[in-house]
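What follows are several structures.
Same chain, two partners: chain A is paired with chain B first, then with chain C.
Right after this comes the complex of A and B.
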């Protein structure tokens, strides 16, 4: 082993951080992946994430049950998703603009109702202690993984399988790729997209509950700071594939964990710039993963943001 | 006569529908307040008193309208080319930070007016490059400008925090890390007789200037063609890429100037107060003004007044400070829902077409 404990501490912290930080990314990007597969984009998931985080925290604090908080956060996200889906089903409505409006609306709702919950401490979601057998506290705390991470991972597999092999997956893909074909087959575009946007909101709400109930595990107004937005950008990078969303979320979790990990061993120089790493990385990845010459490979062709 | 009346009738749709959306959102928000056991009439009376009713509150509203005009222009100009760039908050922050830094070596050396001019230019340039970069990424790489713009907001705030915590920190600023304060002669004073700084006048002039640029010049015509159909504009041989980058830079320069006025007329230094959300309220102002620079002026005043009354509402009604934010969200959602009405209300059609409802 290395003589320098600093390197191992940082690597362990990045590993543990990658898993913790990636979970909200994972849920939001899976939700956005589902929505975009149906040919619609919801840029408002940042607001959904924040609203979900607040609802989860408020519920956990008042009822004492963090898992009930997760459920309530899901339904809070679902309601914002339904609102987005219904508005975009009206003619002449731009889904990008509605997303921006819902981002402000969701944030406003969360800040309005979340004020009384900034101080009190709500019960947190328990993790699964996978590392206790090692007897090493650092490793044990790194392997204390929240069950939602595994749920998200399983969901990525299920969604990938579902898109590929199930009838429902085929309908969603058809609605996203060719409105004309879907109409000819007699499917209602509006209804399929409404369901996909609503479920996408549900997943984002759950992602928010992880932020407030597990890591960082408290509620304040700067809690998300753009994570929902990054997750939306990740879907483009992941080329609308749930499994690649999982990998991308882990990658971003690692990038997000870099700043706190370095700070934990006393490197505090440029802390704020390390905090900017995920945003810069997202931007760079967007720049390299798109091309001006052709429309994106694997992109649902009804999608407004890639046309 | 009848033809002219018909023209007014069809045009009034673009005023009546947004006003109707404002009214509906006021009703929705009243219902919401009523459900919470708060009095909606008190609420709107307080907005009137805190934002418009007295000379003092009106000046307060105008003071807040100035950055809103400039950040709304930052959304409206690219929107006329069909781009949704909503990163004005980032350009404001970068502009404010850049001018607070550039002043450090020249303060006291250069005359006051020259310092001020240089600061304004640097702020406009920094904001212009910031948003211009987003435009260039869109035009030449095909990067989605909405997501890129929002990401750049977070990057701008990170750069601001890094600068005021580290290399440019005034050691005397303990509670709120800031840059060194501006020398007195570099501060922008009020308009004579008022307590409002010159940013309002600059914003109003820019609105008129951009209105002329967009509606009465060939460049503006090319921009509007691009906004109508980008592919057709390219086929026609219009320099779409240059237009996008140019208009994005102008837009960013406006937001950068907002940052300059916030630093040089309000705060006297750059710190986290720069990211006060003017960039985000500016998005709503631009959408409500339908991206028309002249319409931005009254809409910015309205939201300046609402923002100015926020403190009063908070104290008198015991509502959280996010009340204004939530109301803006409700207005925004209602406004976008109202877009579906265009062309579907028979009242706004010329007389001879009114009977042929779709």
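Right after this comes the complex of A and C.
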């Protein structure tokens, strides 16, 4: 290994990058997983993510507290989720169309309110220095992990457990899988889906706050570059399982970290191509997981994209 | 020991929807521990009656007595609280949940956090007391129709319901499964644990399992009494009234006829990506009905879809009249191959397009429906539709009515009309009488026999063994994707067929 330090630098950078880049993927995909489990697709999470990023940054800048920013981002996402849920509860409304409209709405709103915050620097979320004991600056910076990553990981586990063993989890699965059965049991489809979409929005908002307050850690209009949409594909890849969402988010995070990692050791050839890795991965996953010969496995059957 | 079963008396119940009198002064008495059948054609008011009983509808008049005491049932929840449960025709279980999850979720008092160790033990104790078992740790989507139906019934018993309403419970089951489940329920009623009210079309089930019967026609009670005192003919007369059942065509003896369809080593893949049809060989002769029996989910649907061009053929050869055949529109048209899949509303129509347009699907691109090769003639399409509606007795408000507005029997007749009105060499047809009323069944079976007599080769795929035994010239059984039994109808016996169905 001594003869080629470059490989280790790249691997370390990809590892660190995977954890950093995956955190917003993780939150958005967990949010989307919850929403889709209840039988509804929210394609507006890209807008929610950006709006969350902006409101977190603005709050952190004005109040000086990045954690307050995270909370505000969550509630900003929650309100967009509530809006999506309420609109879709109206009769004859298509959730995909509403999602696309809200994606544009959320993005536009963020750009409109976010203009004054592009220049100033807001306080960033502190990381947990897990690697300081090594005395190696490269390893120390790679192991400086944001607590939100651990929160997301725990959340994936709690959601997987909750879907199996709690009344609420079972109700969500029932509503997402058989509207007739849920109605027969007297559960309100609209209310369950509204709550799931709202909570999904909350998680996406938090994912957005990570973008602006931790990594890359500033607010600008090109911040998300489609991560909210990739997260939707990621949920399909994870076959609607929160634990697999965690693994998939890491995979996408690693792909997203490939470009910057190679650049860090001076490989700048094909930089844009490597940066496109997450999008190429998305395409490949969709091609592999969707086949005309069989239906999507494990998909909630009330989902409008699988019906 | 006191009887747990409940008795229900319905006195003078009426229900009106707008100008339509769905129920008119109906009185029924179902004593505790009895097995009561509710007979009637589609639209006779059976569903309305049980929905009033379950609290989905409020009757305009009449009383319900439960164990002799008057009750009002304002909502399904109240029916449940009174220990009245219903098993619906379509499944109400959640496909992705396991059996255990489905049962626990059906309870009114699901704990906030479910202790699965405790619940599993309680469920197993419950199953030990029940006459039949169902695997509880698998997702429902992996179970066969018969097991799902058992679980639906188990669910009602698990909820401690003591008056059970069954809405055509055997329409998704094989004869053996039906006999098993109804027999077990009959045992429970005889033990005084349960009272059953069953909506049905099948006389065999009434005579074999039921104590009492009530016959409804056009919302009125037209007869009933003890099953032991009624003949099947008497019940049929009560059910259909003065309507003439078309007399069935006689079976013409064609003698030995040439092979029309030859299927050689067919392979096909199911929706789950696994092989569904495996090395299937089958020949159908001219002027013959080949009945293909089998438990649902053994590749019959996939076979039909392959022949109808709805599913790719993985391997194998299909010959029609000795010529290789690829199921594409042009070749089907040329070789006169037609098909009618099961659930035709879903599988063979565009539900929101009009009846006329649906009827033109086979011929819209040919003269006279197409003018100058490019332009459809609405007038001709309508004229053709009117002719078919008249000839095949399709009940629709107009040719412009969307297909989905028609009743099940009329959708079936409409698709059948589209497929068989022309010159037909081969017809592949699956469960043509599924869920239809008595008169429609007789009508459709008559059409099939008439077609056979004209020389069409018919491959009849059906889960109803009685239908196969009645119509077929030869009988084949399909199990796990291939043919496990083949015999002329005269030599076929139920035991051997039953064994072959189970894959022995």
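Observations, loosely collected:
In this text, the second predicted complex is superposed on the first by the 306 of 307 C-alpha atoms of A that agree within 3 Å, B and C clash if a C-alpha of one lies under 4 Å from a C-alpha of the other, contacts with A are read in each partner's own complex, and residues count from 1 in each chain.
Here is the rule we use: contacts are C-beta pairs under 8 Å (C-beta built on N, C-alpha and C of every residue); 3 or more make two chains touch, one makes a residue touch a chain.
Everything numeric here is computed off the predicted structure, so don't read it as measured data.
When the shared chain is aligned, chain B comes close enough to touch A:275, but chain C does not.
Of the two partner chains, neither chain B nor chain C is touched by A:222.
Using the contact criterion defined above for the overlaid structures, shared-chain residue A:177 touches chain C, although it does not reach chain B. After overlaying the two complexes on the shared chain, residue contacts for A:96 are found with chain B alone; chain C is out of touch. With both structures placed on the common chain, the touch criterion links A:166 to chain C but leaves chain B unconnected. When chain A is checked against chain B and against chain C, the one touching more of its residues turns out to be B. In the superposition on chain A, no contact is made by A:266 with either chain B or chain C. Look at A:236: by the touch rule set out above, it reaches chain B but stays clear of chain C. Across the superposed pair, chain B and chain C both touch chain A at residues 291.
Per the touch definition, chain C reaches chain A in the complex via residues 76-77, 90, 92-97, 101, 104-106, 110-114, 116, 269-273, 312. Listing the residues of chain A that touch chain C in their complex gives 164-168, 170-171, 173-174, 177-178, 180-182, 184-186, 291, 293-295, 298, 300-301. Of all residues in chain A, those touching chain B in their complex are 43, 83, 87, 90-94, 96-98, 100-102, 104-109, 111-112, 115, 225-226, 229-230, 232-233, 236, 269-273, 275-276, 279-280, 282-283, 286-287, 290-292, 305-306. The part of chain B that touches chain A in the complex is made up of residues 84, 86, 137, 140-144, 146-148, 150-155, 158-159, 161-162, 165-166, 280, 283-284, 287, 320-323, 325-330, 332-333, 335-337, 339-340, 342-343.
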